[in-house]
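Structures for review follow.
Across the two complexes that follow, chain A remains constant while its partner is chain B and subsequently chain C.
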Partner chain A sequence: MDLSFETVIGLEVHVQLATESKLFCSCPTAYIGTEPNTNVCPACLGLPGSLPSLNRRALELGVKAALALDCSVNAMTRFHRKNYFYPDLPKAFQVSQYDIPLAVSGSMPIFLEGRVKNINITRLHLEEDAGKLVHKTADGRLSGASFSLVDYNRGGVPLAEIVSEPELSSPEEAREYVLTIRRLVRYLEVSDGDMESGSLRVDANISQKCSDGRWGSRVEIKNVNSVRAMERALEYEIIRQREILLNGEEIVQETRHWDDGAGVTRSSRSKEEAHDYRYFPEPDLPPIKIDEELVKYIGCSLPELPWDRRERYIREWGLSQADSVSLSENQDVALYLEKTVAFGADRQLAANWVRTYILRLQNETGVAINDLAVGPEDLASLLVHVKQGSLSSTAAKDVLGIMFALGVKVGAAMEKSGISAGGVSRDALFETVARILEANPAETGVIIAGGDTAVRKRKYLMGLVMKEIRGQAAGEEVSAAFDAVLGSIRDRSL
Partner chain B sequence: MAIDEKDVLHVARLARLEIPPERVDPMVRYFQDIIEHFRTLEKCDTEGIDPFEESGSHSCPLRDDEPEIWSYVIDALEEAPLREGRFFKVPAIDGEGDPDDLS
Partner chain C sequence: MIFHEMEASRIASGIRDGEFTARDVVGDCLARMQALEPVLNALITPLSEKAIAKAESIDKAVSSGKSPGPLGGVPVVVKDNMCTRGVRTTCGSRILGDWKPPYDATVIELLEKAGAVVIGKSNMDEFAMGSSTEHSAFGPASNPRDTDRVPGGSSGGSAASVAAGYVPIALGSDTGGSIRQPAAFCGVHGLKPTYGLVSRWGLVAFASSLDQIGPFARSVSDMALVMDVIASYDHKDSTCRPGGRPVFSESIKEPSVKGKKVGIVREFQNGTLDGDIERSIENTASMLSSSGAEIVDISLPESAAYGLPCYYIIAPAEASSNLARFDGVRYGLREEAPDLISQFLRTRSAGFGEEVQRRILTGTFALSSGYYDAYYLLALKVRRRICVEFTQAFEAADVILMPATPSLPFRKGEFIDDPISMYMSDVFTLPVNLAGLPGMTVSTGMNASGLPLSVQIVAPRWADSRLLEFAAVIEAWAGRPGISSGGVL
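So, the complex of A and B:
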């Protein structure tokens, strides 16, 4: 019997919240490029007698993300201690949430190959990050090291853990889900969402449903440090699990670590079960009543969400999928575009130009879009010329370059570039034609002699002229200039 | 719940403690005593009371997000039994252990 399989994936995404200070103490949150154990205090070092004090901003950012994910924010929430012994946790427990998380029951749309799929969100809870261990072996492996070095700068940094329902059915969907969360948290400025530096971390749960009714056990994959690594780990795990089921064997429910170098997942020896964590309510933090007014206020102040904006660009503006994704994922970019349109630019043209040139200039210069020398009003006035046909796209691109380089308005930039709206001057056109003809005597000779290939040669030289004048004259004008200049050459040679 | 040797060794493993064989039996008895004590507590009538009603009507106080540097970090490092530079130094851990592996 031929068996078929369905893949079932659920993701836990940890997002580092963009606060200045840690979740339960006032230590700064900076840990990258910071001297080890600089931003630590009795609370995050777990020294006796220290007490946690909850960061209001972390709570607010959690609520903001939760509302954007369409979650219900619990009126009362509380923290639990999750106990385990490992040197990255100086207190020997992590303060996390358990039975009453900050928010539950949300959903988020993902877009894949032109389809929308809503992924339900189980919960969003807050927790503190652990410290970092440096294992002292030459090859960086854990085994064989006689001791470890610990840096607690990251310990206590606030995280929001977003848990999805097991509703993702392929590595591609998982990828899109993670990218959508990343875009969202960046858009909301809840987190920088940087996976490489560890501000966004993913654990994946994956299982296989077999057409003969068997359901393979769930396997949790850890240690995926990039979206690509997650996809590869999931692809690997799908093949591994299907092979086991095809052999009529059982899949072991376990945690496996992704080895990016070897491209495999490996069984982790850890065998802790949920009850081993001995979760119990954090006695040093009373339950937190979430102010209804605060939730309403944060809800009202949420910007238009990226997927709503994206839908609007497709439906109302008629933009392509690709354009609407890249223009809606960053709020500043979206606002820049919308202002450009408000200043009179054509929507489609503005979308093309922002996506192609403005974003490129932003990336090349590293200057934030709001600080670019060319603002939405300037771009709009340039695009009005393009729309009216008084500037070709090529010429407009040059003008834009000058506007950026010199920080000048459209008029001044056009003057500077010798371009006037309406095209090149007659003299400039004639001069260019003469120069091109002179530089290509063989072709010019053929054209004058009227040989078999004269028409082709003429087209070729006209192309060169067009390139030189950046398309700033109509074909007929160029053709007329050709006739005139060729005529005078013929006269001269007689 | 009856506690036996297996439970004690499991808890010891979670706590990364090595228990000499002759200490296992006394530990089983300690564990049983503790469980017995909780059985006594269980006799209290807690019907209708939130299991963790510790704080009355007060909500958790919140702190503003203002970073502060603690000025005694060096003292804390110096108090550590072992350190290397600015790192705390700890014996290597047997097994991967870090079940949530956030690092």
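So, the complex of A and C:
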């Protein structure tokens, strides 16, 4: 009998919240590139006698993310202690949440090849990060060390853990889910969502359901440090688990670590192994009542969510899938686009130009879109000319370059470049067309004889005209002039 | 002048008015301490030089016309589980080694700001676990009223310091009776404030939901004086109640119990209670009655039956987590080992004493998966019922009058190998911690053999000033406790 399998994946995504200070003390959250153990205090070092005080900003950012994920925010929430010994955990417990997390029961749509799938979110809770162990030898190498160093600058940095239901059925879906969360937290400015630096971390739970009714045990995969690594780890794990089941064996429920270099997952015999965390309510932090007004306020001030915006661009604006994704990913970009349209630009035209030129300018210069010399109003007035045909795309691109370089408005930029809207007079245009046709008798002859069925020759000649007039007329105008001049040549030759 | 017999309020006003100097007062108290310390071992770390320097700075302030603060020049002792910047803080344990905190506990800051002179850090049962100060890595302390007997615990060193006249006031911490029981044993007053009245920032935690800092004193007015200094909102302790505090010294100006209802707990008048203590309760009740109070019967069956087991699940459970940080990685003792786990095990086995290890094991067990519901969760439910029971009792009574301890101070070594009997010493005090209430041991003199007698009074949450008012009435009748030298001088 041929067996088939279904893959079941659930993800735990840890997002570092973009607060200035740590979750339970006022130390700065900066830990990358800081001198080790400088952003610390008695509280985040867990010194005897120290106590935690909750950072309200972290709570607010957690609520913001939770509402965007359509979760219900609990009216009362509380923290628990998760107890285990490890040198990067200075109190030997992590303050986390357990039975009453900040928020529960949400969902988030992910887009897969034109199909939308809603992934249910089990919960979102807050917790503190641990410190960082550095394994370093005396000569500074990182392997073969006989001792480890620990840096507590990261200890106590606020994290939101977002737990999905086991509803993802492939590594591709898992990938799309993580990318969607990353876009969301960046969009909401809840986190920088950077996986490489560890601001966004993923643990994946994966199991197999066999067509003969067997359910493989769940395996947790840790140490995936990029979306690609997660996909590879899941792909590897699917094959490994299916082979075990095909051999009629049982899958061990365990935590496995992804070895990116070797491209395999390995059974972990470290701190996560068979732990009893002895969770109990953190007695140093009374339960927190979450103000209903605050939740309402945060809910009302949430921007249009990226997936809603994307849908709107597709349905109402008629933009392509690709345009919609890239233009809805970042709130500032989306607002720039929408303002450009509000100032009178055509939607599709604005979408093309923002995606092609404005984003490029932003990337090339590193200047935030809101600080670019060319604002939505300037772009809109440029695009109005393009739409009306008084500027060709080529000319408009030159004008935009000047607007950007000199920080001037459309009018001044056109003057500067010697281009003016509807720049060539009708006479000048006709004269140019006539000159080009005369200078290219062979092509002209074919056209007049009706031999240019593929319109290649006409296009070639029109290109020459455009070049001559430096794009200062719309294509239709040039085309009309072409027809007129060709007509008169035909008349003359009769 | 014999400064070490004086009340703190008298010392402070004498220094403020230029009648005598802080240097003289501190010198006298240090001499007293140095004479008795070889016998009492009430201090783990005496701070003589620091104290003299501080006294001199107080004198300088006074002579330049500055106010030295409400406790200006008053010598005090603090329990060695309160963090003192740059000064060794041991918790009576080996595991902290020579650790010097980089910060002061909030109560230390407040005392310093008020001009108090810390002359030493007091001996205690290791991590405040014990009722005799015998479980100290620095050797047992003795009771100044009878040096063959224990001073009680865990704040035995602080209680002994006040009873012996090292200082007029001292700070202790009380998780299940660790202020009130040693106060009773040493014959001084001891107050455990309402949970959340005094900041715990800088108090090395034993059981976070029960721990509370409070004072020892030989007079109710000194008690009020120090409460006015240490009872203050602190944002660094999330369990500290926001808002103002009553002026405690005002509440004892014209103390009266007229028309107040005093509850007597029938369940606590059982056969195990020492006869002298029982009579002390009865005498206090009749005095209060003749002063215009009404004596009413109340019932606390849950506290009587389940208080002790409930406490001995919750406190060790929290302790097992609070004490997990002592792993030899960052500070304190480290026993080197070839691997991490062995280093943890060796360090903790060598650093913690037997009683602390017992409680860590008990607490770890109570929180373990499969046992959590049967132990920890059940204990939380019982705790809830004890709270409700007290709330109901306070519908009938303004204060509850009950014993602080079931027995008079026991002899050294008497219960050292019998933890359960030792635990019984706190049977009347620990329900008060479970309910977060204020409770106070008020000294009521001595029995025929010269051992201290006392009563415990308990009030509703945040009614700490009511306790002081009652204590003032009892003190006016029973007299203020004096000092003892334990026969040494």
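One rule holds in what follows: the second predicted complex is superposed on the first by the 407 of 494 C-alpha atoms of A that agree within 3 Å, B and C clash if a C-alpha of one lies under 4 Å from a C-alpha of the other, contacts with A are read in each partner's own complex, and residues count from 1 in each chain.
Methods note: a residue touches a chain if its C-beta (ideal position, glycine included) is under 8 Å from a C-beta of that chain, and two chains touch if they have at least 3 such contacts.
Predicted, not measured: the structure shown is a model, and the values here were computed from it.
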Touching partner for A:R81 - first (chain B), second (chain C), both, neither: second
Partner chain in contact with A:H14 - chain B first, chain C second, else both or neither: first
Contacts of A:H135 with chain B and chain C, given as first, second, both or neither: first
Touched partner set for A:L285, first chain B, second chain C, both or neither: both
When both partners are placed on the shared chain, which of chain B and chain C touches more of chain A: B
Partner chain in contact with A:S390 - chain B first, chain C second, else both or neither: neither
Partner chain(s) touched by A:S320 [first = chain B, second = chain C, both, neither]: neither
Which superposed partner A:S50 touches (first chain B, second chain C, both, neither): second
A:N225 touches, of chain B and chain C: first, second, both or neither? neither
Contacts of A:K91 with chain B and chain C, given as first, second, both or neither: second
Those residues of chain A which chain B touches in one complex and chain C touches in the other: 42, 45, 47, 53-54, 85, 87, 150, 276, 283, 285-286
In the complex with chain B, residue positions of chain A that touch it: 14, 19-21, 26-29, 35-42, 45, 47, 53-59, 78, 82, 84-88, 94, 129-136, 142, 145-152, 159, 201, 222-223, 255, 257, 268-270, 272, 276-277, 281, 283, 285-289
Residues of chain B that touch chain A when the two form their complex: 14-16, 52, 54-55, 58-70, 73, 76-77, 82, 84-93, 95-103
Of all residues in chain C, those that touch chain A in their complex: 81-83, 89, 91, 96, 99, 101-103, 105, 200-205, 207-209, 235-239, 317-318, 320-321, 324-327, 329-331, 340, 344, 364, 367-369, 372, 376
Residues of chain A defined as touching chain C within the complex: 42, 45-54, 81, 83, 85, 87, 90-93, 150, 276, 278-280, 283-286
